[in-house]
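You will see two complexes here that share chain A, one where it goes with chain B and one where it goes with chain C.
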Partner chain A sequence: MGELATEKHVRYILSVEKRKDNFESVVMEHLRINGAYWGLTALDLLGKLDTVDVDEVVSWLMSCLHESGGFGGNVGHDPHILYTLSAVQVLALFDKLDVIDVDKVTNYIVSLQNEDGSFSGDMWGEVDTRFSYIAICCLSILHRLEKIDVEKAVKYILSCKNMDGGFGCTPGGESHAGQIFCCVGALAITGSLDLVDKDLLGWWLCERQVKSGGLNGRPEKLPDVCYSWWVLSSLTMIDRVHWISKEKLIKFIIDCQDTENGGISDRPDDAVDVFHTFFGVAGLSLLEYPGLKPIDPAYALPVDVVNRIFFTK
Partner chain B sequence: MHGRPRKALKPEDEAASSAKAEKLRSLQAQFLANHHNHIYSKEALELSAKLLEINPECYTAWNYRKLAVQHVLSNSDSDPHSIFNDELKLVESALRKNFKSYGAWHHRKWVLSKGHSSIDNEMRLLNGFQKADPRNFHAWNHRRFVAGLMERSEEDELKYTEEVIGANFSNYSAWHNRSVLLSNLLKRKAEGYFPKEKVLEEEFQHVHNAIFTDPDDQSGWFYHLWLIDQTVKNDAPLLVSSWPSHGSNITLIGDNGLRGCGLSLLNGTLSDTGALPIILYFNQAVKGINSSSVAIKSELLKEELVWKPLSMNNSNTAQVWVVYLNLGNMELQQSKTYSVEINVGHSSGILSANGNHYGDPSQISFEVFVETTCTKPTEGQVGKRTTWDDTNFQKIDHFQELDSIATANQNHHIPKSSDWCIEQIVKEITNFRDLLSEYDCKIGKLTLARLLTALDMLSSPLDGKKSNTEEVLQLYIDLMKLDPTHPVYYKDEHSLILLKQITSTRDSLLPYCYYHKDATETFTGHVCLRLQNLSLSRMGSIENLLWVQMLDLSHNELQSIEGLEAMQLLSCLNLSHNKFGSLTALGPLRSLKSLKVLNISYNELGSHSIDTRRYLCSSPVAHTEEFTWDRIEILTGSFNAANFWEAFLIFGSLALTELNITGNAVADENFRSFLVKVLPTLKWLDEEELS
Partner chain C sequence: MESRSGDREGEEEQHRRVPLRERPEWSDVTPLPQNDGPNPVVPIQYTEDFAEVTDYFRAVYVADERSPRALALTDEAIQFNSGNYTVWHFRRLILESLKIDLHSELGFVERMAAGNSKNYQMWHHRRWVAEKLGPEAGNIELEFTKKILSIDAKHYHAWSHRKWVLQSLGGWEDELNYCTELLEEDIFNNSAWSQRYFVITRSPFLGGLKAMRESEVLYTIGAIEAYPENESSWRYLRGLYKGETTSWVNDPQVSSVCLKILRTKSNYLFALSTILDLICSGYQPNEDIRDAIDALKTTDMDKQNSDVDDIGDQKILNMAGSICSILEQVDPIRVNYWIWRKSRLLPST
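Let's turn to the complex of A and B:
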């Protein structure tokens, strides 16, 4: 088996930030904050966060902050809960949460909770359990979880539980590994994992591993590196990760590396991107691959960052 | 980026990409300028449409379109119908570009909820999209939304899933939607969907077509499992077992009239506080256990009792509830028998997490006998340490009449299952045996194992039928070889079945029960349950082990003891030579107030960078525990809180007298000195007597 091409991935991630001339990077411009979170967290896991100019990143982040307390995906774009979490996560990485007005950001998130406990993504009312996770994760990092109705939020997530033990976007929606990560993560952070049917969901999740060792996101779909994170983190949170073959999955992720130019792709020999690079590295971290910082399965941040948030006075 | 081949672009393609990028960049810049200046002219709208057709993921542009619609509607007497229609058209072409764009789908939903557009077109559009990609979950979500708007019946939608499955059974999305629709129809007993027996029989037939055609295709697997669950499940919570069990006699041994001194039970020390636990073990998590839903009649009852849920979570539900009768400062008469009568669920109030009422009012009566003893309990005497060598144990030939050992067949709360239910499971067993005779497949074996287990659960052990555990154990052994990707899943199941078998009767349990003698060859009188060296990877059947005070689980492959918190009588526990990977895995021990002796030597504590129990243990990161800074600061001084919080949480709430933690990476000198501080009761650490 090959090894993780750490140096090349670091170089790749740093180069993506600067690259703005190809079509793909322009298409992704509206979610640059997500990109920053993926890239920077991957760098931290690889032990190379110190190569980044913190002040530059923070001042750019702050230029995405709106009066409402929400962050847009890039300068000039509308605020949305998706980008607010990424911004808060990046600030947590740098231990710079003190640059934001915590109450203001909190109010933005609190304002998005609906009567039934669900969360809208922004003022236009799209509802999705992804947003429940984001709200809960973000407020927990800010030590403001008590500002929302947690009981109702949990109840709404449970209303999205399916016959296979998984969760969908809204009640009746099909289970999907990404959605399961969000719902299990939200339940983990709110101390509610007793409400998850761990054996049933664990079986569904471990059956996502296909012959090549990779994981798919739903039955009878192709494997994809990003599910290394979503399936694995869910399995980790419910303590069922030993139900899959770790060695085979490590091999699959390693096989998805571009060993020449760095970066990780969805499947072997596909084009790399920063999204899959992060999820590949994060997956390897959960698999205890040597040389990587450990990542927290619920907050999707390095464990030392999460511990700093909760165990520093 | 998904499914794009990794290859360097040719120079001419590179140039084209660069030109496209330039064009898109300028479109985005112009659009953002219009957006920020609130310009909603025809040209500006066209520009945003063009942008969305190229990049449907640009969410700000969808927001702009909504603002523009509101603006145009408020400023003119334009026709809302045509305005909204334009939006629907734009969404349609954006979706043709990117079928998975959240923003586009939501824009469509937003437009339709305004109620100015015809929804007749939606089903046609969806049918086209869903033919092209039958698994697209956005389309399925939209379909559910539109069906709701149109008030299309669930029966019609169920027919649609039938059509889709008929065309190709390998469609998990359709099976999923079927389970959603059918649940609703069954729940409200819709015409044609009652009684559920008939419906379920048809569904079994239906899913057989999928599974038996291609047993390796997962599409029908989970639906089939769901049908089994629908067949056997009992919504109403039931009491599975209790300690003391019904009809048992408890002997309490003490001196000085029990007052203020140790209270012994089964010849073992129960607790220094003289508190007698009553444990109720349900088949699922329940809430509403209190002195009115559970009535206790006894002379021993002197004060209002507060039931405690044994759970690591924030919810007020738990599968196991405990209450302590405080006998420590009560004037008990020697050689007298006190009777206790507990009525569970005779008045309402006990509910499952889903709100189902407790279904089986039951009574537990037991007797407590107080006996004097002239010898002091040996426990705690200087110079003695609990050892777990084979020479310390002596086999038990037969249980004493008075031994309060309750096994599965003595628990009288077995629900009566319907004949239909048993017949249906038997039918399925036949079907899967037939499948396996033709094709040796994993789902066939796994389902057969599950069906046989379900059948054993349904049949009363009193009716004398032979259980299927031997065959089930063999099936799981076969599966470990057949499906090497998930061996531990099958091993875990194997462990659970093995434990079920061991704890099923007093006879099956006897070979695992021993008397314990201490280092000086004196019998302490402890009955020890020795489940060591059984290749157990998972603990189970705890409902049958509530009586255990000394438990040896050493030399297994355990990495968690989930559920052990129910064993409230446990005072000595040996977990050495297992696979415990983190201190948080010991979380259940925090509820065991009687625990004195713990051997956790030779495990993997401190060897793992990822803690898989972090969110299953009560902790500040899960908001199930406040961190008490003052105490840890006093205790730790130089210790880093982030590194010691788990140890602080676990050991800080125990009152151990003996702890063995050697053979773990975590147990360095620094850690040992922390343990001595956090466990002031400790007399022995790693076989060394503390001074």
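Let's turn to the complex of A and C:
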């Protein structure tokens, strides 16, 4: 088996999208903040966050802050809960949460909770369990979880639980590993994991490992490095990660590296991107791959960052 | 995803895109470039056309210009980047302000979907339009999703939209048949199984899970017999007894289908794990099942348990242990899971 090309991945992340006329760079414009979160968290896990100019990142982030208290995906974009979490996570990485008006950001998120406990992504009302996770994760980082109706939020998430033990985006929605991460993560943060059928869900999740060692997100779908994060973090949160073959998954992720130019792709021999690079590195971190900082499976931030948030002061 | 239709592509080839700065109707607008701030973390090289459209969009957006040309501009901007929330938002504001007939908007979304249908913003927009049009949009929406599902039968967004349509606008009558149709095409389609469960548990016309159980069990057993390696059909079968474990344990149809598959000695992983689950829920396996399981043991497998003349519970416990041993061998990637299952069988001391 090869090894993680750490130095090359660091270089790749730092130089990402310098190629011209690249399709990905065009569609990335509106989710620049998400890109920053993926890239910077991966850098931190690789032990190289200090190569970044903190003040530059923070001042750019703050220029994406909307007067409503939500962050846009880039300067001048409308606020959305998706970008707000990424912004808060990046600030947490740099221990710079004090630069935001916590009450204002809190109010923005609180305003997105609906009567049934669910969350909308923005003022236009798209509802999805992804947004429940984001709201709960974000408020928890800000120490303001009590500002929403947690009980109702949990109840809504449970209404999206399926007979296979998994969760969908809305009640009755097909179980999907990405949604499962969101629901299990939200339940973990709110201390409600006892409401998950861990054995049933754990079995569904470990069935996601296919012969190549990779994980898929639903039955009969192709494996993809991003599920190394979503499936694995869920399994970790419910203490069932040993049910899959760690060695085979590590090999699958390592096989998805571009060993020449750095970066990780969805499957072996595909084009790399910063999204899959983050999820590959994060997955390896959960698998305790040597040389990587450990990552927290619920907050999707390095464990030392999470500890700093909750155990200092 | 499939790319847009051939016709449209040809059309676009013929009409080369005229840059906005060369179009007379835009001569009064000064484009507003993106301010990336100093040395952005994820630097991006914009393509020229994309950058131009975005700059003009920013200008009309900041001026809050809700005009036909601004509407046309959002069309272009979305074609360049269908993931931008702001452009879609602004488009809805314009549609409302200009009181545009939303039937034409359905056509717009369809054109966008032909390019890239895996996009949250587009589906949210579609729902907004359908909600405004009300129940009359029900059938249109079912047809729309059907078209997308005919290209990608596991399309998560299309299924989510379809579920929303059924619950909000109706159209349940044919849905079970539609599921059957899709499962005939691909019996491994987990999305179609999920939809089937959605229909039998939520359709106002079918009387609920209990009323549907008998016929659904028959249907599912047929599917399992055809492809016993299908995870989805097994999970569906279990789901048919949700909250009624006793009925599941006592239904001879369940153990029979397991036995039938065990006897074929191939693709029996789920049949075996189902027997294990049944035993853990109080099922008492008969001689036939016991023989079928014995026949699956390999010679090197620990046979000590079955050699002893155990009685009652101990015998069943030993059989469950043997099942775990077999599964450890035939499903090596999940060996730890089966070892854990076996460890849970040990009587607590």
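In the analysis below, the second predicted complex is superposed on the first by the 308 of 313 C-alpha atoms of A that agree within 3 Å, B and C clash if a C-alpha of one lies under 4 Å from a C-alpha of the other, contacts with A are read in each partner's own complex, and residues count from 1 in each chain.
What we mean here is this: a contact is a pair of C-beta atoms (placed from the backbone, for glycine too) under 8 Å apart; a residue touches a chain by one contact, two chains touch by 3 or more.
Since this is a predicted model, take the numbers as computed values, not measurements.
Undergrad: Could you classify chain B and chain C on chain A, in the superposed arrangement, as clash or fit?
TA: When both complexes are placed onto chain A, chain B and chain C end up clashing with one another.
Undergrad: With the two complexes superposed on chain A, say which partner A:His77 touches: chain B (first), chain C (second), both, or neither.
TA: A:His77 contacts both chain B and chain C.
Undergrad: Between chain B (first) and chain C (second), which does A:Thr51 come into contact with in this model arrangement: first, second, both, or neither?
TA: neither
Undergrad: In the superposed arrangement, which partner chain does A:Ser111 touch: chain B (first), chain C (second), both, or neither?
TA: A:Ser111 sits against neither chain B nor chain C.
Undergrad: Between chain B and chain C, whom does A:Lys248 touch in the aligned arrangement: first, second, both, or neither?
TA: Both partners, chain B and chain C.
Undergrad: In the superposed model, does chain B or chain C contact more residues of chain A?
TA: B
Undergrad: Between chain B and chain C, whom does A:Asp273 touch in the aligned arrangement: first, second, both, or neither?
TA: Touch status of A:Asp273: first partner only.
Undergrad: Of the partners chain B and chain C, which touch A:Gly39 in the superposed model: first, second, both, neither?
TA: Touch partner of A:Gly39: chain C, not chain B.
Undergrad: Check whether A:Met163 is in contact with chain B, with chain C, with both or with neither, and answer first, second, both or neither.
TA: After superposing on A, A:Met163 lies in contact with both chain B and chain C.
Undergrad: Once chain A of both complexes is superposed, is A:Val16 in touch with chain B (first), chain C (second), both, or neither?
TA: It touches chain C, and chain B stays clear.
Undergrad: Between chain B (first) and chain C (second), which does A:Leu145 come into contact with in this model arrangement: first, second, both, or neither?
TA: The first partner, chain B, only.
Undergrad: Pick from 439-447, 601-609, 619-627 or 673-681: which stretch of chain B gets in the way of chain C?
TA: 439-447
Undergrad: Based on the A-chain superposition described above, do chain B and chain C contact any of the same residues on chain A, and if so which?
TA: 21-22, 25-27, 29-31, 72-73, 76-78, 80, 122, 124, 126, 162-164, 168-170, 172-176, 202-204, 206-207, 209, 218-221, 242-245, 248
Undergrad: Can you tell me which positions in chain A touch chain C when the two form their complex?
TA: 16-22, 25-32, 35-36, 39-40, 52-53, 56-57, 59-60, 63, 72-78, 80, 122, 124, 126, 162-164, 168-170, 172-176, 202-204, 206-207, 209, 211, 213, 218-221, 242-245, 248, 274
Undergrad: Flag every residue of chain B that touches chain A in the complex, lowest number first.
TA: Contact set of chain B toward chain A: 1-7, 17-18, 20-21, 24-25, 28, 32, 35-36, 55, 57-60, 62-63, 66, 102, 106, 109-110, 135, 137, 140-141, 144, 170, 172-173, 176-177, 179-180, 183, 217-219, 221-223, 225-226, 285, 311-315, 317-318, 353, 484-486, 488-489, 492, 559-560, 562, 608-610, 612-616, 618, 620-624, 627, 629, 641-642, 645.
Undergrad: Where on chain C does chain A make contact in their complex?
TA: 34-47, 50, 54, 58, 80-81, 83-86, 89, 92, 120, 124, 127-128, 154, 156, 159-160, 163-164, 188-191, 194-195, 197-198, 201-202, 231-232, 235, 238-239, 242, 332-337, 340
Undergrad: Help me check something: in the complex, which residues belonging to chain A touch chain B?
TA: Chain A reaches chain B through residues 21-27, 29-31, 72-73, 76-78, 80, 122, 124-126, 128, 140, 145, 162-164, 168-170, 172-176, 188-195, 200, 202-204, 206-207, 209, 218-221, 224, 236-239, 241-245, 248, 258, 265-267, 269-273, 275-276, 285-286, 288, 294-299, 303-304, 306-308, 310-313.
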